[in-house]
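What follows is a pair of complexes built around chain A, which joins chain B in one and chain C in the other.
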Partner chain A sequence: MILIGERINAGFKDIARAIREHDPEPIREWARKQAAAGADYIDVNIGAASKDPADMAWLIRVVQEAVPTPISVDSNRPEVLRAGLEALDGRPALVNSTTADDDKLAEIIPLAVEYGAGLIGVAMDQRGSPQDVERRVENGAKIFLAATEAGLPPERIFLDPVLMPIRFMQDQAVKVLEAIREYTLLSDPPPHISVGLSNICSKTKERSLITRTFVVMAMAAGLDAAICNVLDEELMAAVATAEVILNKEIYSDDFLRVWALKRSKGGE
Partner chain B sequence: MILIGERINAGFKDIARAIREHDPEPIREWARKQAAAGADYIDVNIGAASKDPADMAWLIRVVQEAVPTPISVDSNRPEVLRAGLEALDGRPALVNSTTADDDKLAEIIPLAVEYGAGLIGVAMDQRGSPQDVERRVENGAKIFLAATEAGLPPERIFLDPVLMPIRFMQDQAVKVLEAIREYTLLSDPPPHISVGLSNICSKTKERSLITRTFVVMAMAAGLDAAICNVLDEELMAAVATAEVILNKEIYSDDFLRVWALKRSKGGE
Partner chain C sequence: MAVEVPDVRESYPQAIYTVTLGATREGGGTRTRVVTVGGERALPFHHFEGEIPNPPVVAMEVWDVPPDDWPDSVKGPFADVLDSPGKWARKCVEEHGADLICLRLVGCDPNGENRSPEEAAAAVREVLASVGVPLIIWGCGNPDKDNEVFPVVGEAAAGENCLLGTITQDNYKTLVAVATAYKHKLIAESPVDINIAKQVNILAMDAGYPLEDLVIYPSTGALGYGIEYVYSIMERARLAGLGGDKLMAQPILCDIGREVWGVKEARAPLEEEPAWGDEDLRGPLWEATTAYMYLLAGADILVMRHPEAVRAVKRAIRMLMGEER
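Entry: the complex of A and B
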């Protein structure tokens, strides 16, 4: 499972403040915590805190100085993505993200190619978020085809079927599971499949329980990546256990400890 | 989800003793506890504690006097099954279980028909437990066909793809998930699909975590019944959450409380 730490995002107030004031300390701390918890990538998103591409570059540099972990450069604005990618020190990275819209594909796929990065493609389009399996598959396949034609191999393509809050759209989770199964059939090997995991538990009282219950279902369907709260220990235990049940990590009586140990090495 | 409480089984020492000494108290207590926890059926198994069909009849009567919950009469011996079914007071029941062997099918399916009970068919045969998806599907389909031909509708047939301990056969859980998906395609509506859930965590240190992680994966694949530890509160919370995610129970902020309340009513 490829875990992308969600916490350096201006949707969180402490991060928004740190970006506005160019205060590196909270950024460093969240980078270190997420790396130690086993994040494979640290997502970096300036959100609404700034429209200045230079702020993304600053943020990327702060994270890079704190940890050796690969970075997911997260913005819906191509100029911000480019500034972040340009600031990278050569470590592996993800471009997060393109939608299925032609103009986005035309601008953002070349960034992933140029900077040797992976690409997250979210199955949305100008009509908004998909409400059914078909739109998810159609948009995912369109992104996959465009990225493949631009030269990205399946292992650098991450498709995101758009997970929605269970509290407001209860029927959508099943459709996401079905779309995940469809994505696994796109090619052999298939592309990676990722979701913004915390979306599902938005405004609920049982955030961790809902999140970890969904993620193991999604892993059984073919999910192999997630932007998520890597500091949620119960979520991490569920992911580790799902990997053992799916025979992707070897069982041992201490598999939880072994899994955490293997992962935290990446954060040292 | 149809939950079958596993605890009245002579595999547990207190139950074995109670059967040998005809002490009704521990039996009553486990019946009440499991009913209060929301069991849809109470499984009743004399196991190796006795070969006397009269002991099964006694056990069934004790459970019936304690709770109004339907009963799963559990034995691999037709004469013991018959004695248990004969002792029933008319409440719904399951015959647990037949295998795919011709002689078992010929003896046990007629019992389910005669006593108006559901039937659990375990996808084993004289060669032992299935090790691959194909044998599970073949044996499951054979049981389904034989039961259907004998007049049982799909809603009275429960197929069990044979769950095995992750500690000793780590590759089997994925095959069980795949077999569950195949079983859902046998008919429309499909038969029920059930597992002996506690098998997966046998001799592990993380019994509840492994069990609840597997069950939500299996529910997403189509599992709708399980013989399990209904007193495991974390397992019950996982099942409730999975039902909400799969859009089979309505989401509310207090869905866990609502779910537990609905279920415990059955035990009053």
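Entry: the complex of A and C
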């Protein structure tokens, strides 16, 4: 499972403030905590805190000075993405993200190619978030084809079927699971399949329980990546257990410690 | 019409750990040569998929006491040296090309001669003095006795970078301490169970022992006696190791001779089984055939007994490594 730490996101007040004031300390702290918890990538999402590409470049530099972990450069603005990618020191990276819209595909896929990065493609389009399996598959396949044609191999493509809050759109999770199954059929080997995992538990009381129950179901369907709260130990234990049950990791009595060991060495 | 053959070659992200046994004078020991195993980045002999830098090696078995349960067909070649571990070892190396000597401390078994740790150490010193190849030192298998013997034996061989065995899920702490103190490598044993194989490695690592200094012994079955179970476990372990699982990325040892020479197909004299043919040919053939199977499953170290079987297997290794046609 490829785990992308979600916490450096301007949606969180401490991060928004740190970006506005160029205070590196909270950024560093969250980078370190997530790296220590075993994140494979640190997502860096400048969100609405700034539209200035220079701020993204600053943010990326702060994170990569703090940890050696690969980085997911997160913005919906191509110029901001480019500034972030340009600031990278050569470590592996993800471009997060494109949608299925033609203009986005045309601008953002070349960035992943140019910077040798992976690409997250979110199965949305100008009509908004998909509400059914068909649209998710149609948009996912469109992104996949465009990325492949541009030269990205399946292992650098991450498709996101768009996870919705269970509290407000209870019918959607099962459609996401179905879309995940469909994505696994796109190619052999299939592309990675990723979700913004914390979306599912938005405004619920049992956040962690809902999240870890869904992730296990989604892993059984083919999910192999997630932007998530890597500090949620019960979530991590559920992912570790699912990997054993799915026969991706050879069982041993101390399999949870094996997981921690692997994660502590940077996800090797 | 031209047929396009798809490229089905696999590549793997991780190499098997490289383990070097023995130490020359520069390395703090007295060996005249060292033996390096592991390091492969492909399935056995898939030279087209990745590097296989070190060929599998053959260790020949020597006991500290004359073996009482070996049939004549395998005792015969050593009849004049069975009472002297040093001479026996030298014969294996000089006449039969053993890459390593596997000294088995059978004499320490409380149900047998119950020899003392000091007697075991004397046998170790005798073998070290008589040959220049690295040593595998294998305990008698009684956990309590092995825990008495290895501290003394490990010290007697200090600096020689021997391969000591075995640690198991239930008995590893003493041997890990001995190997750490006197700089030896360790064999991690499991009973034809991949989950326990992994667990033993975790326990050793927890006790502070480096994963890259372990050799996996997944138990061995003779041809006709569960070989396919061991084969599939070795295959799965190796695929996991090559795929990135550091707890399964150790070289693998197979204890061929002990298993083969315990089964009736290798032992039974011609008079008992007239249809099976001459046991002097059949026994070594059984041992060699068993060894071939394990080579193909991913064995890095084969512990063997009969000189003819050793000769055949060493030739097979050279052929599989592309050194001989």
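Here is the rule we use: the second predicted complex is superposed on the first by the 266 of 268 C-alpha atoms of A that agree within 3 Å, B and C clash if a C-alpha of one lies under 4 Å from a C-alpha of the other, contacts with A are read in each partner's own complex, and residues count from 1 in each chain.
The working rule: a residue touches a chain if its C-beta (ideal position, glycine included) is under 8 Å from a C-beta of that chain, and two chains touch if they have at least 3 such contacts.
From a predicted model like this one, the values you see are computed outputs, not experimental measurements.
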item	value
Chain B versus chain C as contact partner of A:250, first or second or both or neither	both
Partner chain in contact with A:242 - chain B first, chain C second, else both or neither	first
Which of chain B and chain C A:171 touches, first, second, both or neither	first
Dominant contact partner of chain A by residue count, chain C or chain B	B
Chain B versus chain C as contact partner of A:258, first or second or both or neither	second
First (chain B), second (chain C), both or neither touched by A:216	first
Intersection of the chain A residues that touch chain B with those that touch chain C	250-251, 253-254
Contact footprint of chain A on chain C as seen in their complex	194-196, 198-199, 202, 205, 236-237, 240, 244-248
Residues of chain B that touch chain A when the two form their complex	166-167, 170-171, 173-174, 177, 200, 204-206, 209-210, 213-214, 216-217, 219-221, 237-238, 241-242, 244-247, 250-251, 253-256
Chain C partner contacts - residues on chain A that touch it in the complex	249-254, 257-258, 261-262, 268
